[in-house]
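Chain naming follows the written order as A, B and C, and within any one chain the residues start at number 1.
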């Protein structure tokens, strides 16, 4: 293989892995919340963007170190999730047609956040870039990958691994899966369903925020990533199977590679078309997705 | 004549057999009952027969017509309908509107206004016609459910736990109502309390773990050893 | 239909027809009126399907867009009169709408909403990425207003009045529909499709018919929008438009005739009157969506009706039946 084609292949591979890892992470966050609380979070893209933008503010405007900024955003994110749960989310736990109601409410949330961003960040910059966490490049053969991006990927996959472990081995995780599968049965077995709802909403949202932080360090971005991420995350969730973290991982990585490959030939919007198409096909033929919860 | 005929009916959900080779029939004019513990497949049976779920295998006919692939609205046209365990009415609409909706199927071929009025009075819903259906008491809603089915001029009504949630006096009244109902159409009552079945059914099918375990008059069923062991022995009976 | 609502609809009709003349002196307010009337037509249509229990057709704006772009094509490229192009374009959009919506209509609740959203996104992307027909993101401008008798064009107050007539026609048609068997089937399917099917209503066919009619409303509104504003772009027909119309309907009171009228009358003018504060429009919109969902599922008109019936002592019992029945 010639040097330039090898370069292209490696470049595509690395982009696919990194994007895929981040996609999977965000999708995992979305799918946990949907699978457990029946809450399809239409504003997940805005959460993602919010985290990225606040990291930008903390590092660039306040001059904080990347680590400090990330931790601060996580803490603030958890707080935001808790407040949202208290004020908004818990009111609909017993509503009929809960998933539609939540979808609508989160659409409203999306609009609010989008409006806030237009009033603030949109006026300050078109493009946002965050200084790297670690400098330097690793060579993968002839191909340089920024250590920064490698870090983003490693952390994403690491968190996903932790998530798996949590769901499988930790009592909280098992309770979560019990509620995923059958709310009434879990309640009968003594699981505090409401507490699990709270936990999974905060956990899922925090994971989405984390995804945003990692993305900010890996790539420069603009405000449109909010809706592209939302669509991608939903597509991954539907195709992978609502509630399935494994599905989020597998399909997320697939979509990451799809994006990387498509970007060689065409604009990323074509990839968007393909995600929408995949979601549509899944909805029509196999609404439960490929993997079980 | 035979109304409902079921043979070899089987349905599995993800590897678990909810119904296994169920065989049975109902005869016009006779009240058929079905009992079984929770999880025995009663609800699946009703859902399959009423067109909400498709069976994996088996035959299903009604008055000689193959209804295996029919959707609920087609079954209503053929004369087969059902009520729901958790009572179901159009809660945001008025009682009157609920009844009108049920009359949409038959339009001019249906019951005349006088007959509907008579039935409404018989079921003691005439004072509540303008009330929102969701604000009626549970018993009133169950009666409304019945009224909506009667308006369809059915040949067989499948009643899924018709006394669920009712107070004792209401249960008695419901049983009386259902006995009077028999003059109009055949009934198929699915219950898990023996008492209701004993007072209403001419013949009973017992379903345990998806299989039909017994089929006969209530008195016979009560003496069936297997039924006693697996069901009556430890289940609730009123 | 209660006499109460009959009077309400009659009053609304008169007000709508009178407004173009009352606002004749002020072109800005006239324009706001015109846009509100188009939204009203859309809201009246969407009401046939919508609500949480009903369907949330987020692809509504996309269908309006198909008609809008088609109308421009017919009048510009084929040289047709607006009055021929409009019905044809609307019919075309309705047929495409049903074709696109058909597979989605089998889905329940949230899955339908999501599918509808996906289809809307595909349509918006199609509008952007097929510039041959749509001129992409740049949009099409200098769209001629409808032709009128004597070689003139329908502009100004006369156009506003035409829109008022269209809106009223839409309202009256919708009112008539609720009295028909078909209309009652729409309502039954919208309220509880499983129950509706149990009592003999062909849910799928009813949904398709409803969707066709709703798409016609979308399409006709889309054609008028194009001719009235004179400029269209993919942004004019994106998911936010669908969401806003849904908000007008739900805020006003879904499932009633007056509800959408009230909701549109209150909410539609706001973005125009708040001109400089565009981003606030999003925040306001989003907040209203959340408030309506949490606090006022019946909308303003629903709350009003509840108040009335309580005063007249009609509410005798409010037993919590739901908890018993689950």
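In this text, contacts are C-beta pairs under 8 Å (C-beta built on N, C-alpha and C of every residue); 3 or more make two chains touch, one makes a residue touch a chain.
What you are looking at is a predicted structure, and each value in this text was computed from that prediction instead of being measured.
Averaging Cα atoms per chain gives one point for each, and the point farthest from that of chain A is the centre of B.
Relative to the whole-protein C-alpha centroid, the nearest chain centroid is that of C.
Our note on geometry: chain A versus chain B, Cα centroid distance of 47 Å, whole angstroms.
The distance from the centre of chain B to the centre of chain C, with each centre set as the mean of the Cα atoms, comes to 41 Å. If you average the Cα atoms of chain A and of chain C, the two centres end up 34 Å apart.
Listed for chain C are residues 322, each touching two or more other chains. In chain B, there is no position where the chain touches two or more neighbouring chains simultaneously. Across the interface of their complex, chain A is touched by residues 52-53, 56, 103-104, 107, 109-111, 113-115, 118-119, 121-122, 125, 129, 240, 243, 278-290, 293-294, 322 of chain C.
Those residues of chain B that touch chain C in the complex are listed here as 50, 52, 71-73, 76-77, 81-82, 84, 86-93, 97, 100-102, 104-107, 130-131, 134-138, 141, 148-149, 152, 165. Contacts from chain A toward chain C in the complex involve residues 40, 88, 91-92, 96-97, 99-101, 103-105, 107-116, 118-119, 231, 234, 238, 269, 272-273, 276-277, 279-280, 283-284, 287.
Across the interface of their complex, chain B is touched by residues 181, 184-185, 187-188, 191-192, 194-203, 255, 314-319, 321-322, 324-326 of chain C.
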